[in-house]
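In the two assemblies presented below, subunit A is common to both, partnered first by subunit B and then by subunit C.
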Partner chain A sequence: MTTFVFCSYILNYYFYYCGYFVTVIFLLVRFSRLTAMDNEMCSLKRQLEEKEKEIAALRSKLAARVEKASELKIQDKVTTLNPLTAKPSLSNEDIMRYSRQLLLPDLGVQGQLKLSQTSVLVVGCGGLGCPLAQYLAAAGIGRLGLLDYDEVELSNLHRQVLHGEENQGQAKALSAARSVIRLNSGVECIPYHLQLSPENALQLVQQYDIVADCSDNVPTRYLVNDACVLSGKPLVSASALRMEGQLTVYNYHGGPCYRCLYPVPPPPETVTNCSDGGVLGVVPGIMGCLQALEVLKIASGQGTACGQQLLLFDAQNARFRSIRLRPKQPSCVVCGEIPSVTRLVDYEAFCGSAATDKCRKLNLLSKDQRITVQDYKSIRDSTGPHILLDVRPLVEVEICSLPSSLNIPLSSLEEKKSKDIQLLQEKISQVKQQMAGDQQAPVYVVCKLGNDSQKAVQLLEKMSGEEVDGITVKDISGGLMAWAKMIDPSFPRY
Partner chain B sequence: MNTVSVIYFGQSAELTGLKGEELVSVPTPISSRELWELLQQRHPRLAVLRGHVVLAVAQQYIPIAEQLVVLRDGDEVAVVPPLSGG
Partner chain C sequence: MAAPVSVHLEFGGGAELLFDGVKEHHVTLPSQPEPWGMRQLLVWIQRNLLKERPELFVQGDSVRPGILVLINDADWELMGELDYQLQDQDNVVFISTLHGG
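Then we have the complex of A and B:
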């Protein structure tokens, strides 16, 4: 009995202690779990605090950007700007941002500070102006005036690299300014959505230190030149077409101005623009970059070697040539010794063309020598025998053409190439065979916009009775682009 | 008498249908006006550029005038009308 009591006593103790240990272990485990959770919570809290700090920093950065972007007020007229404030030194952020160029002995801190105090007027935000503005902003130029009268179109995007698909229809000046601000919010950007004119050019040019001519037409080139000469500003000028580019710095340290080199503007019919002649996007890209380089060298005080030389870029053969130019000409009408141009004049009248690169509309023919695209549609529908003569260059015919057209480029007609004339004669006699009696074969001439087709009609009428005979020639007014617009919306436009 | 190579840029390449050509037996010295007329004789369509073109001999600008130019064998003559596109 006592043994039993003793045993049960021991067991009791045993169980008691076991229970005690289990409880202690249970509590210990719980406690350590709690400490782990506490630690985790602390670390999460810390992380959260860090993230909150980051978010706050991002918020203020975003607010600064939004404020900066909303500051981008598009200017439709020239206003007076506050002078650029001189920076006494570079901030830590400046030093980090520009470190790779600060390391260049040619630039250095002093050069960087000079850049930040320089304002540049970019005339034209197209194929040259986009890369130029991009590199000037990236390098930390102080102020950029971005001028363009035009809006972004789909056919611009292959070369005007600051504009995106979503910017179509927007003012180029604003679209370019927004891209530039995104790249470097420290640059002051002023978008001008206006046409540079003899009325506003001087007031505008006077407010900038350097002018970059990135325009696309002859009258604007003379206007910008004269405004720079009259206000004593260096003009960094580039141009590009097809597979060629040119670069010169005018009106700089005794060098020539544009008029010293080209006193008389070229006849408008000899000028090809990008929408007529085409251009590979990277060619103005390269020329705009070279322009940026010269602007940066002038702005940072290194000077330029292009003040008395014409740099030619031949993209086809990957060759640069530079032609040494004469100093400025004493006989120059604007920068010479006795200038006759002492204020801005009418440059469209002087050049005989409009200050745009939009195709001009020729009017060479009388009303009865032309038909509308609607008229031609009914002729096609009635299936009457006729010749549709497409006088565009082969490269354009390959883009699109109307079925059953005969292609003889205007240049071949002008040169009276015997192979092409023979082809035309054969076609004329075919059509005549299809027609009753001794009627004249109708020839309808078409091109892209209705300019070359008018020239071709004049040419064919001159050839009548000699190279070609028995035809009536008419031009399709407005060309294939009018056809695409009015008759067949599925016809490609270019 | 010398052989020079002529390089045509922009509109002048279009008007002549050539990027460049060799001119043999060019008299030297020659006035730059005569040199231009020589080119114009070969390519009459170049006439429209007269007065609106930069002529360079051996990478040096030459005004089209009575000034005499000495041509060395192999010299490059560049015909450079202005480009206005951008």
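Then we have the complex of A and C:
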């Protein structure tokens, strides 16, 4: 009995103390947890403060960038620029940003500093100018003059990669400058929304160290060349069409100029532009990048190997070819021994073509040999028997065509391909059968813009009485693009 | 008599469009009393390869302005232009200058 009482007494105390210990341990654990949380809170607060500082820094950077982008003032005339200020050294940010190219012994810190003190004039912000400006800005060039008279169109976007859908209708120079600033706000960008002319070219070119010809027409190429020779600037020149590209550096260290190679401009009818011949966007992209490469090498003091060399790129066969060129020509009219071109001249007159890549409007026919798209619409509506002869190449007919048109490309007509002539004759006799009496079958010739159609009318008239007979031929003025604009807005434009 | 000469002709930059879009032509110029020069080659091309619109390729007795001629990867100006005498297996390229951008 006594043992029992003793045991229960012990147990009682045991449980009492256990409860006490549990509470103490519980409180201790809780306290240590609170301390840990406190510590965590402190560390989080510190982190928060750091992040807030970072955000503030980023905000001010963004604000500076927005301010810089909004500072971009589009220039409609040439103004005098302040000289670029020489940087004594690279900032930490510069070092981080350009670190991967600073590691190149070919460039190094000295090369990078030279880039930052170089100004480059980009003539044309299209398929060549966009990638060129992009890589020059990314590499840290000091100043970029971006010149283009044109506005962004939907058909530019496949190759002119600095412009976006939202930039349609904007000046290309401004659109390109904004993209460049977004990429590198440290680059000074000057957008020129103007046409380079004999009046403004010298003043402009003189203010830059290197000129890149990214233009799209012959008169501008001669103008840029002469301006560079007269002001002693190296000219990094590229061009592209269809699946091919060409690159040369002119007027560099005693090398030839553009006129040394091409003293006489090509006949205007032999020049094809991108809107006629087409171009795969990546081809000018590659050529623009190569141009950027040569500019960077010249700017950083490495020099170029393209001074008396033509680099040909054949995209179809994935082949590059380097051609050794003639030296500077003593007889050259602008850079030769006795130059006759000592100031800029009228380059449109010299080349016999306009300084744009827009299509020329030919006028080969008299007024009574042409009808308007409105006239042709009423002919179609009246369902009178006639032939609509579409003379565009097959590749364009596949893009779009008017129903019931007969396609014989102009080149086939020129060659008088027997299969095509036979097709035309069959069609003529079909139409004649639908007509009363011995009337002539009306043939309306159409193409994209109304130039080739005029040539076709002249050809068919020459063939009259021989290969084809009993027809009256007229062309549809303005072609299918006029049809799309005036008659059927749902007809595709290209 | 000069022996026949085999030459490799190439057309590019759009000049191939005057030759049915064919860029490369391996041709053998027949045996003739005079040695084959660039002047005679241009006449031969005009008669044998060029089917239409010769004015887009030649002007007078030379190529039209805007076409660059390369002989064995060098500007023909360095080689004597029209007076260059063709050697067997020479590579002659006619490149139309591009202006697009």
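We take it that the second predicted complex is superposed on the first by the 445 of 494 C-alpha atoms of A that agree within 3 Å, B and C clash if a C-alpha of one lies under 4 Å from a C-alpha of the other, contacts with A are read in each partner's own complex, and residues count from 1 in each chain.
FYI, a contact is a pair of C-beta atoms (placed from the backbone, for glycine too) under 8 Å apart; a residue touches a chain by one contact, two chains touch by 3 or more.
Keep in mind that what you see is a predicted model, and the values were worked out from it rather than measured.
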{"item": "Clash or fit (per the criteria above) of subunit B with subunit C on subunit A", "value": "clash"}
{"item": "Touching partner for A:Ser91 - first (subunit B), second (subunit C), both, neither", "value": "neither"}
{"item": "Contacts of A:Gln434 with subunit B and subunit C, given as first, second, both or neither", "value": "neither"}
{"item": "Overlap of the subunit B and subunit C footprints on subunit A, listed as residue numbers", "value": "124, 126-129, 213-218, 221, 238-242, 244-246, 261-267, 269-274, 277, 279, 284, 310, 312, 314, 321-326, 357"}
{"item": "Of all residues in subunit C, those that touch subunit A in their complex", "value": "12-14, 51-53, 55-56, 64-68, 70, 73-75, 77-78, 95-101"}
{"item": "Contact set on subunit A toward subunit B in their complex", "value": "124, 126-129, 213-218, 221, 238-242, 244-246, 261-267, 269-274, 277, 279, 284, 310, 312, 314, 316, 321-326, 357"}
{"item": "Residues of subunit B touching subunit A in the complex", "value": "7, 9-11, 14, 19, 48-49, 51-52, 54, 56, 59-61, 63, 78, 80-86"}
{"item": "Subunit C-facing residues of subunit A, complex", "value": "124, 126-129, 213-218, 221, 238-242, 244-246, 261-267, 269-274, 277, 279, 284, 310, 312, 314, 321-326, 357, 414-415"}
